[in-house]
Structure formats: structure tokens, C-alpha cells
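By written order: A, B and C. Residues from 1 in each chain.
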Amino acid sequence: MTITTRRRTPSDFSLGRESTASRAVSLWIPLGLFLTFTLLPFYWMIVYAFREEGGTLPLPFPFTFEHLETVWNDLNFSTYFANSTLVAVSTLVFTVVLSLLAGYAMSRYDFKGKAPFMLVLLATQFIPGAMLLIPLFIIFRQFELIDSLVALVIADTVFQLPLCAILMANFMRNIPIELEEAAWIDGCGRVRGFLAVVLPLLRPAIVAVGSFAFIGAWNNFLFALMFINSNDRFTLPVGLNSTIGEYSADYGALAAGGIVAAIPVVIVFAIVQRFLVQGVSAGAVKG
Amino acid sequence: MTKRTLLRSMTAIAAVGLLGGVTACSSGGGGGTGGTEENPVTITFWDNNAGPDRTPLYEELIAQFEDENPTINVEYVGIPAADAPQKYETAVAGGSTPDVGIVVGWMVSSLAAQGALEPIEERLTGSDLDGKIADDSLTAAKGAAFDGELYIVPMTSTPDTLWYRSDLFEAAGLDAPETWDQFYDAAEALTDPAAGMFGFAMRGGAGSTNQLLPVAYSCSGIDSFFEGGETTLNDPANVECIQRFADMYNVSTAQADVGYGYQEMVTAFDGGSAAMMQHNLGSSQNHIDAFGEGVVVGLPMPAGETAGERTIIAPTPEGPALFSESEHPEEAWAFVEFLTSHSANSTWNERTGQLPANTDAREDAWVSENDALATQIEAISDPSSTIVPTGLYLPDWNGILGEMAAPFQSLLLKEITAQQFMDEWAEKINTAEAEYREQFGD
Amino acid sequence: MTTQALAVSPRRRRRLAGPYLLIAPAVVLIAAFIAYPVGTVVYYSFFQYSASKPWATRFIGLENYRVMLFEDPKFWETLGITAAWVVAEVSLQLVFGLALALILNRAFRGRGLARALMFAPWAISGVLATQIWLLIYNPSTGIADVLTQLGAQSQFAPLASAAGAFWGAVLAEVWRGIPFFAILILADMQSIPREMYEAADVDGANRFQQFAFITLPYLRDAIIITTLLRAVWEFNNVDLIYTLTGGGPAGATTTLPLYVVEEAVGSRNFGYGSALTIAGFLILLVFSILYLQFGRASRREAKA
């Protein structure tokens, strides 16, 4: 466990010497540019979400909560929200666990078929999802999973897992095997060695890969629309797409619904992001 | 560890599966037999254009239907418009269709050819609705199927409408765009790029080609789509009309129009940067929201020569279809009947601003108060108007419309001429028609 | 270095089944839910098949492939556009993602907030992202409108020209894709041993030298793998382009998968769409093998 405190972020070491001017050039200015680029489209979103119907000013004025109320109450977003959460969290758990397993195999063992396995994982991404919908639909019908959220969890996991497993394997390769071997010598088995030594060091990887799987499932529209046949089991993206009708596009509802869909995700990420940088959790960094 | 984790995750999957299994059975009720008040039959209903305007409307109508028919439960499923065709096709291919679903004219042929829809003419003639659905709508609905059978009971049909800003026309002292000459004159006169104002908002992107047919035929006055098995699309008169229309791009329209789909076009028009726009009646509420009552006026597509003598491309019908896999066809039909009955059809069309297919509904007071709608009904029923049915029954019809969207952009960008464009289109239609005749005879 | 250490370990011999058990769940899932669907695509690629014309379905062997290779200029055009799209997306996302990761890895006040905000574009749903960019590019609701309202008359309409539409789509997708690289690279940076930087500090290496000689080499494997994954992903990414430009104007932004969707999902020509899909599959397969070989070679070179 001492390992965690030993490993700090690379940039912490030149802190003391840096002048304000160089810090502005190397940090604040690029950060500001990035933030502007990132947030500009969100400004449009906020304008449409909180501006009254018919307003034309590029400002959220006249201000209204009407769109939020519409999507939450009339458009069933509360139900969609619960469904999305269930699907995305389940996908996250399955994907992370399964990619830890596969990643461990790929990074710690040499076995026959490793290279082909890696290619098979990659190959799952070689075909646009739209081409696979009908056969997938037929499979799920065989399992009587059409119109069940389980179908979404399975489909999302199947399509997120390959990338996550490859990424996880890559992260694990960076963790020296010697650390594990030291644990084995201390009398730990392979499993306990992994749990005690490797898993804590994988926290950044788990956060990264987990976000990847979660977001993929959270935003998946096509599977949710195709494999679900009843309104109270649809997910958020289906609700969002419904705001753009053939004869009317309710941008207010779309933007408000988008905020409902995005804010919790961003908040959760804000909480877990500190695990992306391990040193912080061990209290190694001041600022 | 591996075994245990595996086991544990498998158990979890199984547990979730069980949970899903329980909730997955949605179409409850007894199999085949009629329901009772205590144990009603549930039928599923798919709305192909879900959203803030239609979803609450259907929910209201369903509540009303369930009140009148306590032994039937209707489960509403709202499908986003852009993906509805794919959803229907996937469900048909995968063998899991609803009992009732709204189907637009151009999807009828494909779904019917796959045996997904039940022919319903007999049911219709045997019901109270017999004679209550307008002939123009019924003809259009049959004309949409590959075999000429009736697969949908039309709720509405969507004639193309030329919307214009009467306030701008009045201020400039212009005549209403009743003929194409008046249309082009007004478009030119009202264009002022420096003020960000253009005479016309053109749909150059998604869905453009569908709107070109009314442009071509209303302008050329050609009265049939096929002549001796060949399409009249690339008739010189049609070519000339389309060339003139395309030449307007980036002169009397904004440059951005080449990419406009429906939403962008309406946004530009209702945002006040265009004086005219071609769409159907479906957008009327947007115009009222943007400018208030009476500012935006809707006319049928302009006439070629003399105002009043119109050539009208048969409007695309839309309505509920009965899916052949339904386990409760009687209950499903009852709901179809309800949706197209006088009262429900009237409510539906009043709220969406569309043209009712039910003749009783067409007589309702609100119709005559809706000017754009009343003018359309007048034009369609006017004996001096010519209605031109298209090749909507061709299974390839919609695919070809989609394929021609990119060439139309090439035409707007002056990479090809209207002659080349219309020839290409005509060739595709002729091939599809020949293939069709080979299969089904004339 | 690590795998060799294990290869001689006696534990490995006793647990020969180990790795296979570990990958078993992934293999089972892929076999059950992807193998068969991919098989059907291969199958239909030998057919003239359109759902809306069941009477016309027939086996035509390699005819779809022959047409694709020799008679369909659109196949080659869309392939070229796809290549440009993938290269533009992956390189821009990598450069900006790496830069962002370097920034977010530093210690500064409000770093947590900055990280969460930077992450946000990734968190919003595809339809919303696309519609927002559509509004931004639309002259009556977007940048042009804001400029006009501020008094600077503008008809800025990027989607109206071929180049504008391409770069407009690239920019929107870069906006959404930067967080992917930034987060993965940021996470990977954590495994760089601090001693390396300490030693470099002692040697008087400046920040750029530290980046070029420590950070970048350490990130090489991660960069190789993330760029590959992203390239594959962007190759098949259709939803943004489909909604934003519809493949236009005049086909200028129609990538191969978008062409597939036009052909197959419009239910007009599923057989031909399947053949196009298989072509994309093979291209990605060859590309991935070569890329991984190249990655391995460069790693050996770095060690030598």
C-alpha cells in the first residue's frame, strides 16, 4: 500500500520554480481556450432550455422553467431517467468486471490465441451497429428479451466490452509484475495479490474505462429504440429523439431534456475524477 | 477467483434476467378471446411521430377510447419520427410487431409486401365508417400499396402548401403567389441579402426530392406521372420548371439552404429570414407561434399559367394500419375505427392542423376557420383541378427519392443541369416500374 | 519484460486454463451476440436482397462485390472521404486530447471543476450534440445570427459548401471526442514513475524535454492503442454526420458507413449494403493488423 503514496503526478515537481508569467502561458491561457471551445455549444443549449418559446435573443431571456417541467412531467423523462440509470450502471459493472478478467489474461499471460483474441475484440467494432440490428433482434427474441431492459444491458455490454478490455489490458501492462510477485512471496495467492496490489493501482483505469462503458450505455439510442417496445421501458436518448418530430422540432424540450440527461453524469464524474490521478487520493498534492 | 467472480456475475445476470423476464411480458390479457372489464385485452399502438405535440394528443384519445371500450386497454408506444421507418422494418423482420401502428403512405408498400399488414377494405365496408372516408384519401391510400389493396385507413393526407408572409407581401405591394410567375417575382422582390432577408426558404437537404414533384407538376401542368410505362418526370416542361426553381438557389434563397432539412427550413422561415416556404399543413402551428394568427398564409402550390387551374400531386396519406400478427385483430380494428371516426379524426386534425380524411370531420366548423386548410380542401375538390397520382406503390419509390437527394444538391450547386438531374431520376423510376410490371403485370 | 517473467513462473504451468477462463465470459458474449449477426451480413452480401421486394430476393454470388469494385465510383469516393474523416478526427482529437491531459494533470485551483467541465461534451447524448451544432451552424439561429444581432451582418453558413460541411462535421466530432483521449491519456500518465521526473529535474531538463523524453515514450503504447480504437470507432461513426450534413452537400461528406446506411437501412438494397459493410470490415481488419505490427516494431526499436 505504500506504493500509492510513492507515485505522484509528474508535474508536481517543477511547481515551486514556476513564474506567474510562464504559468499563464503554459496553463491558464490554453486552459481558457479549451474551456471556451468546450462550453460554447453548452451556451446554446442553455439558451434554448431556458428561453421562452418564440424568443430570438441569444440569451436565456425571457427566462422560463417551462421546458424542464414539460420534459420531466409530460414527456415521461422521470421514467426514462430511471431506466437509463439502471441500464448504464449495470453495463458499467459488467463491463468493468469482465474487462478486468480479460485484461488480466491479456496482460499477464502468454497463451495460444492471444493475438487472434485481441483481433476478435477489435473486429466487433468493424461493423456499423445498424447492420446488426435485425439479427440481434432475432437473438433477443429467442431469449424472450425483447422489450426487456436486460436486452439493453447485454447489448451495451457486448459492444462496450471489447474496447474496455483492450484498454484495461493496456493499463495493466504498466503495472510492474514485480509488485504482484512481491505479494505472492508474502504468501498472498494470485487473487489476493491482485486485489491487494494491482486493483488499487488500477483506480485511474477503472474510472476511465468505467466512464467509457457508462457513457456508451447512457447515450445508446439505437438499441433502446429497437429492442424496447413499450413507453415505460424506453431510455433517455429515445425521449430526447422524440422531441424532434416530423412536423415540429421542440428545441426547448430537447435542450432541457439534454440538461436533465447530462447534469447527473457530469456531477458523478466530477466526484470520481479525482481517482483519475492517484496521487491526490493519497494526499500527496497540495493545490 | 475467476470461477467465483464468473459465478457471481452469472448469478447477477440471471437475477437481472429474472427481473426482466417478469416485466417483459407486456401484451397481457387472454389469448385470442375478448376481454372483460376486470381483465381487459391489451393492444399495443405505435405512434410513428412521437413528441411534445402528438404524444399528449394520442394519450387523450386513448383515454377516451378506453372509457368507451372498458374491455380494451391500449398501450401507447411513441417512436421518434426520424427512426420510425427503421423501427417498423426491424420489428417486421424480427417478427415482433404491434397490433396497430400509424403508417405513412410511402411505407405502406414495403410493409405490405412483407406481409406485415392486413388488408382492411372488407372491414371498412362492413363498418359504420363505410362512405365516411373521403374518396381522395382512400384512392391515395390504395395507390400507396404494391398490390392496390387498402392497408391503412387514412386519418389525413398532406398536400404541399406554399406558406408566405402576408405582412411582407402587403408592405411590398405584391400579389399573393397564386401562379409560379408571381412566386418568382415575389421571391426576387423580397430578397435583401444585406438585411438577411430572402424571398424563399428552400429545402435542399433531407427530404428535398419529395417536395420537387409538386413543384414540377404544378408548374408544368402535366397531368399524369406515367405515360405508356415511362415516367413524365423528364418531360421538357418539367425539366424547365425544375431548372427555374433550382436557379433561384443562392439568388432568392440563402446559401445555407442547400443543406436544409425540414427543421432548418422552418427555423429559417419562422425566424423571419425568408418570405416564403414550401411544406405541408403540418407546420401551421409553428407559424402561428412565431408570428401570431393571420400573418402567415398557406396556399396550394402555385398554378402554372392561370390562377385557380391547378395540377396537384396526390397528397401522401397517413393513418393506422392493422398488423397481421396481431392476436387481437377485433380489438385492434375497433381502435383503428375509433381513430378515424368523426370525433377522434376531427380532434386529431384540429390539433395538428392537418387535413381530415373523415368527410364528417371536414364539415366541422374549425375547418372553415382554418384558412390554409379550407383553401386546400377547396383546391382538392375543385373540378378544374387535376390530381396526379405518383408511383408511391413502387417498393423502390422512397429509396429512389433518397438517392436523388445528393444529385439535387449537385443541381443547386450547378454541378449538373436540371436535364441531367431529371433524366437520372426518370431512369431510376422507369427501371423500378419495369421491374414492378414484370412482377405484377400492368 | 513482464510477460517473460511470468512465462518461466511455475505457477503458469499449473494454471494453464487460467487465461482461458478469464477471457471466457468475453468470448461467450461475443460468440453469442456478435458472431451470428456478423455471419448474416456476410450471408446477405451474396444476395440481391431488399426487404420491401421479397419476390426479387435471389442468390447472386459475388455480383455485389463485382459491382462495388468495378462499377460503383461512389464506393471509391466514399472510401476516400472516410479516410480523410478518420485521419482528421483521430489526429485532431489526439493532439488536443493530449494537450488537455497535460493541462489537467497539473495542480491548480479548480482542477476538479475543470476536469468535470471538459468531460461534459462526452456525456451529452448524440442527438443533442448534433442538434446543438446544427443550431450553431444555422445562419438564423447560430453564430451568424449572434453576429447579426450584435450589428455585424453575417450569413456564415458552413454547411452549405463541401469543404465547410466536412470541417464543420469534423469540428463537432472533435468537440465530442477530445474527452475520450484526454481521460485515457490522463489515466495512463499516472503510471509514469515519479523518479523519472526527479532525475530529469536533477539533470536540468526543461518541461518540454521532460515531455518529449519521458512522458511521450511512456505513453506510446497507450497512444498506439487509443488511436487505433478511435480510428476504428470513427470509421463507423455515422450518426453525427448523418444528422448534421446528411452526407451532403452533393455527397461531399458521405463516408462509406453512411453509404451503407443509405443503401441498407432505406431497406432498398440490403444485399449490396452488406457487401459494402464487408468491404469496410476487411479494410479495418487489414489496417488493424498492420497498425499493430507497426506498433510492435516501433516498440522493439525503442527498446533496442
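The criterion applied here is as follows: contacts are C-beta pairs under 8 Å (C-beta built on N, C-alpha and C of every residue); 3 or more make two chains touch, one makes a residue touch a chain.
From a predicted model like this one, the values you see are computed outputs, not experimental measurements.
J.: Per the contact rule at the top, check every chain pair and give me the one with the most C-beta pairs in contact.
T.: If you count contacting C-beta pairs, the leading pair is A-C.
J.: Taking each chain's centre as the mean of its C-alpha atoms, give the chain farthest from chain A.
T.: Chain centre farthest from chain A's centre: B.
J.: For chain A and chain C, what's the span in angstrom between their mean Cα positions?
T.: The answer is 16 Å.
J.: Which whole number of Å gives the spacing of the CA centres of chain A and chain B?
T.: Inter-chain centre distance comes to 38 Å.
J.: Considering chain B alone, which of its residues make contact with at least two other chains?
T.: In chain B, the residues touching two or more other chains are 2, 6, 9, 86, 93, 263, 267, 271-272.
J.: Could you pull out the residues of chain C that touch at least 2 other chains?
T.: Only 18, 22, 25, 145, 265 qualify.
J.: Scan chain A for residues touching two or more other chains and write them down.
T.: As it turns out, chain A has residues touching two or more other chains at 98, 101, 130, 134, 154, 190, 221, 241, 244, 249.
J.: List the residues on chain C that touch chain A in their complex, please.
T.: 2-3, 5-7, 11-12, 15, 18-20, 22-23, 25-27, 29-30, 32-34, 36-41, 96, 99-100, 102-103, 105-109, 111-129, 131-133, 135-136, 142, 145-146, 149, 175, 178, 180, 183-184, 186-194, 196-198, 201, 207, 210, 214-215, 221-222, 225-226, 228-229, 232-233, 236, 238-239, 257, 260-261, 264-265, 273-274, 277, 280-281, 284-285, 288-289, 292
J.: Using the touch definition from the top, list the residues of chain C that touch chain B in their complex.
T.: 18, 21-22, 24-25, 50-56, 134, 138-141, 145, 148, 153, 155, 157, 159-160, 165, 245-251, 254, 262, 265-269
J.: Can you name the residues of chain A that touch chain B in the complex?
T.: Interface residues on chain A, with respect to chain B: 53-54, 56, 70, 74-75, 90, 93-94, 97-98, 101, 130, 133-134, 137-138, 141, 144-151, 153-154, 190-191, 194, 221-222, 225-226, 229-231, 233, 238, 241-250, 253.
J.: What part of chain B is in contact with chain A in the complex they form?
T.: For this pair, the touching residues of chain B are 1-2, 5-6, 9, 12-13, 16-17, 19-21, 23-24, 26, 44, 49-56, 75-83, 86-87, 90-91, 93-96, 98, 262-263, 266-267, 271-272, 280, 282-283, 285-286, 289-290, 352.
J.: Which chain A residues qualify as touching chain C in the complex?
T.: Residue list for chain A touching chain C: 6-15, 26-27, 30-31, 34-35, 37-42, 44-45, 48, 57-58, 98-99, 101-102, 104-111, 114, 117-132, 134-136, 139, 154-155, 157-158, 161-163, 165-167, 170-171, 173-178, 181, 184, 190, 201, 204-205, 207-208, 211-212, 215, 218-219, 221, 236-237, 240-241, 244, 249, 251, 254-255, 257-258, 261-262, 265-267, 269-270, 273-274, 276-279, 285-287.
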